[in-house]
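Following are the structures in question.
What follows is subunit A paired twice: with subunit B in the first complex and subunit C in the second.
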Partner chain A sequence: MTAQQVRVVAPGASSFAAELTAALEGAPTGDCVVYVCGDVGAAVAGALDALDTDEWDRRAEQVLRDALTALQDAHRVLSAQGGRVVVVAPTVGIPGAPGLVPFVTAVEGVRAMVKSAARQWGAADIAVNAVLVPIELLVPATAGTTAYLPPPALGRPPTVVDVAAAVAAFADPARDGVTGATVVVDGGSVMAP
Partner chain B sequence: MNAVELSGRTVIVTGGAAGVGRGIALACGDAGAHVVVASRRENGVEVVDEITARGGAASWSQCDVADGDSVAATVAHAVERTSGLHAVVHNATSNRSSEPHRLEDVSIDVFDEHAAVSLRGAYHCACAARDALEASHGTLLVMTSPAGIEGSATLPMYATMKGALRGFAKSLAREWAPFGITVNVVSPLAFSPAMANAIVEDPALEGRLNQRVPLGRVGDPETDVGRGVAFLVSADARYITGQTLAVDGGHFMSI
Partner chain C sequence: MSGVTDDLGGKTIVVTGATRGVGRGIARYLAGRGARLVVSARGAEGLATLSTELDELGASYVARTADAADRAANFALVDAAVETFGTVDGIVANAVTSNPPVPVEELTDEDLDVPFDASVKGTVWLMQAAFPVMRAQGHGRIVTFGSNAALNGVPTYSAYSAAKEAIRAITRTAAAEWGRHGITVNAVCPVSVRHHTPGLDDPEALARFERGFAKQPVPRDGRLEEDIAPVVGFLLSDSSAYVTGQTMMADGGRIMLR
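Then we have the complex of A and B:
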């Protein structure tokens, strides 16, 4: 990776990844890899006990394999000079989501992976953080699956521009000293840590 | 005397032959449960013998949680031998769990070894036990760790699995609540065979650990962690679901 470059990696993601890439244009970033955990083929509603083993693997374990591979690739390109990794994932890992057990299993695994990467890669000047957003922003087909959550305190759901601002803050080389953190960009719905 | 009452209840403990799993099995047996000690190796029989020697009821079921048919057979064993199934404690983890590693070096094969036991095992336990737990308004319990909440500098795959299990439990708690099934998580700090080996290698480790725990000691798998689990699988915990209970002497207070 050359200097001052942002790469957005998003296996199976909806149009969100492209919109995020566009929204990040012109932001003052150093070398940064953005990983979007929003695989539309995995965030599919269904009762856990109705899934066969292949579906479990596709919706849970494959999401984790993809994240592992993406973080390892990020380490490979950033390890020489340091840089930033920002993982964008849905908020549903914090409160849980009925009907999405395998995918949420993966999401919380990815968050723990992010924190472990932050602990291991800090010495190489690689900061790793997470930005959580409403799941329907990443996977529009899941709209309505989180109706049990409180409405956003700010009165509106976030836009891709709101998310890009948080990603850019983590990617900004002028802002140092934050790693292993999670920021929730959902307008004030999920407020637990 | 046991404050927790598990008479008439049947509890499956995966990975119940050693360490924390053995402690959970013994505590549930002391509280009156019929304990199904589920383990891959036959050493689970030794725990059954311990429970029955104390006057409790227990049986061993050979179980590889990575194999759905094997888990289904263990659930069938529990239901056929007793009055039903009231709790499953998924405690088993990969044999590689305590091997330090770097995240950037983890192969997909190693990932799969971890996931097969921790995650696919949880999926298999849930699917196999669902009908029996609905019939009893029972509970599913999974084991996590501070590593799953705050990450780990030495065991990133273990941390990933333990974090994932919290997402699994919180989501399944919501999904199964309408059926009267609760799902919770326990985060223990207790002596295990791996910790005992580490202390043999580094005798000062125990003192350092004790200093970091507000209650001043590492927990006992049976009398500390096991009794906490026994409460969560009892009828008295029927209004608790989707929660993580840290049974760790106050070691981790950031949930």
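Then we have the complex of A and C:
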């Protein structure tokens, strides 16, 4: 990467990634790779008792492999000069989501990957952080699957600009002491712990 | 980026416990970014020193002595912000007082009262003082402080830790109550030990801290203005408009809260 670039990587993601890229245009950031964990093909509701191994591979293993590949690629392009990695993922990994067991399991796996990568790469000046957003923002077809969650305290649905602002904050070298962190951009729905 | 920035220029921020450590770093950081400040501390001498620093930074500010445990004093800080600058956009409830560490079995009423009066009640009083102004204008940013000592558990720090976790609980509750008014409430858990930990003139203690830092992803102590304050700055800015009820670690990745 050349200096001051942001690269958004989003295998299988919806139009969210394109909107995020546009919203980040002109943001004051350093070198940064943004990975969007929102594969519309994986976030498909299904009954846990009927889950077979093929479906597990498609909706959990593939999500983890995609994230692993993205982090490895990010390390490759950032290792020379350091930089930031921001993983955008749905909040459902924290409270769980009925019907989305493989995807939710993978999402929490990706967050574990973020934290482990942060611990491995911190000394190389590569910070790795996660921004969590409501799943329906990433995969609109999942609307309603998190109806059990409290409504956002801020009383309005999220926008891509809300997410871009948080991503840009983590992409800013001024906050290079922050790594392995998760910030939830959901208007105050999921606050635990 | 659609006009959303972390620009703090012209915002009016109240910072308590502003003359030492984390609070001083935040005050200097905010001043350097054009925020208008009301800074407070118990001691006039510390405020005089900070005032000199803020003058050198060309800051617009009001300095007031205030005991964080005094409800009226917290309301007076917000009054000063409104009288001087016309509003209050954000508060940084940083003031903390604690007794020397003691084992749980020896805790006294006073051991518990000191941190709960200054830290927990002080945070609530300042939040209450700012709330009517923020509600009326339809926006506000509130930043409170937890502690990694409270998250992990550190021997002899039970009173301080209990107070800090109570603050995080109040933070989430206020976030849930006040979100509909456009007010966000978030906590920061900072790590920076050099400025306040007794015994750092002791080579053994210093070596022990250094060994701990070396194990962090970012292998050094937290720098007040460069590492801690920018996290607070994000939570005071328009960039965090949709972030509320959260705890952000400013600890070089030491804990990774969740």
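The criterion applied here is as follows: the second predicted complex is superposed on the first by the 192 of 193 C-alpha atoms of A that agree within 3 Å, B and C clash if a C-alpha of one lies under 4 Å from a C-alpha of the other, contacts with A are read in each partner's own complex, and residues count from 1 in each chain.
Throughout what follows, contacts are C-beta pairs under 8 Å (C-beta built on N, C-alpha and C of every residue); 3 or more make two chains touch, one makes a residue touch a chain.
Since we're looking at a predicted model, the values are computed, not measured.
Colleague: Could you say whether A:118 touches subunit B, subunit C, both of them, or neither, answering first, second, both or neither?
Modeller: Both partners.
Colleague: In the superposed arrangement, which partner chain does A:168 touch: subunit B (first), subunit C (second), both, or neither?
Modeller: The second partner, subunit C, only.
Colleague: Touch check for A:140: first (subunit B), second (subunit C), both, or neither?
Modeller: neither
Colleague: Mind working out whether A:71 is in touch with subunit B, subunit C, both or neither, as first, second, both or neither?
Modeller: It touches subunit B, and subunit C stays clear.
Colleague: Looking at the overlay, what does A:180 touch: subunit B (first), subunit C (second), both, or neither?
Modeller: both
Colleague: For A:155 in the superposed arrangement: first (subunit B), second (subunit C), both or neither?
Modeller: Second partner only.
Colleague: Under the contact definition given at the top, report the residues of subunit A touching subunit B in one complex and subunit C in the other.
Modeller: Looking at subunit A, the two contact sets intersect at 94, 115, 118-121, 180, 193.
Colleague: List the residues on subunit A that touch subunit B in their complex, please.
Modeller: Those residues of subunit A that touch subunit B are 47-49, 51, 53, 56-57, 60-61, 64-65, 68-69, 71-72, 75-76, 79, 92-102, 104-121, 148, 180, 193.
Colleague: Which residues of subunit A touch subunit C in their complex?
Modeller: 23-28, 94, 115, 118-123, 127, 150, 152-155, 158-159, 161-166, 168-169, 172, 174-188, 191-193
Colleague: Would you mind writing out the residues of subunit C in touch with subunit A in their complex?
Modeller: Of all residues in subunit C, those touching subunit A are 1-2, 4-6, 172, 175-180, 182, 184, 216-219, 222-223, 226-228, 230-231, 234, 238-253, 256-258.
Colleague: So in the complex, the part of subunit B that touches subunit A is made up of which residues?
Modeller: Going through subunit B, the ones touching subunit A are 68, 102-104, 106, 108, 111-112, 115, 119-120, 122-123, 126-127, 130, 147-153, 155-156, 159-175, 242, 254.
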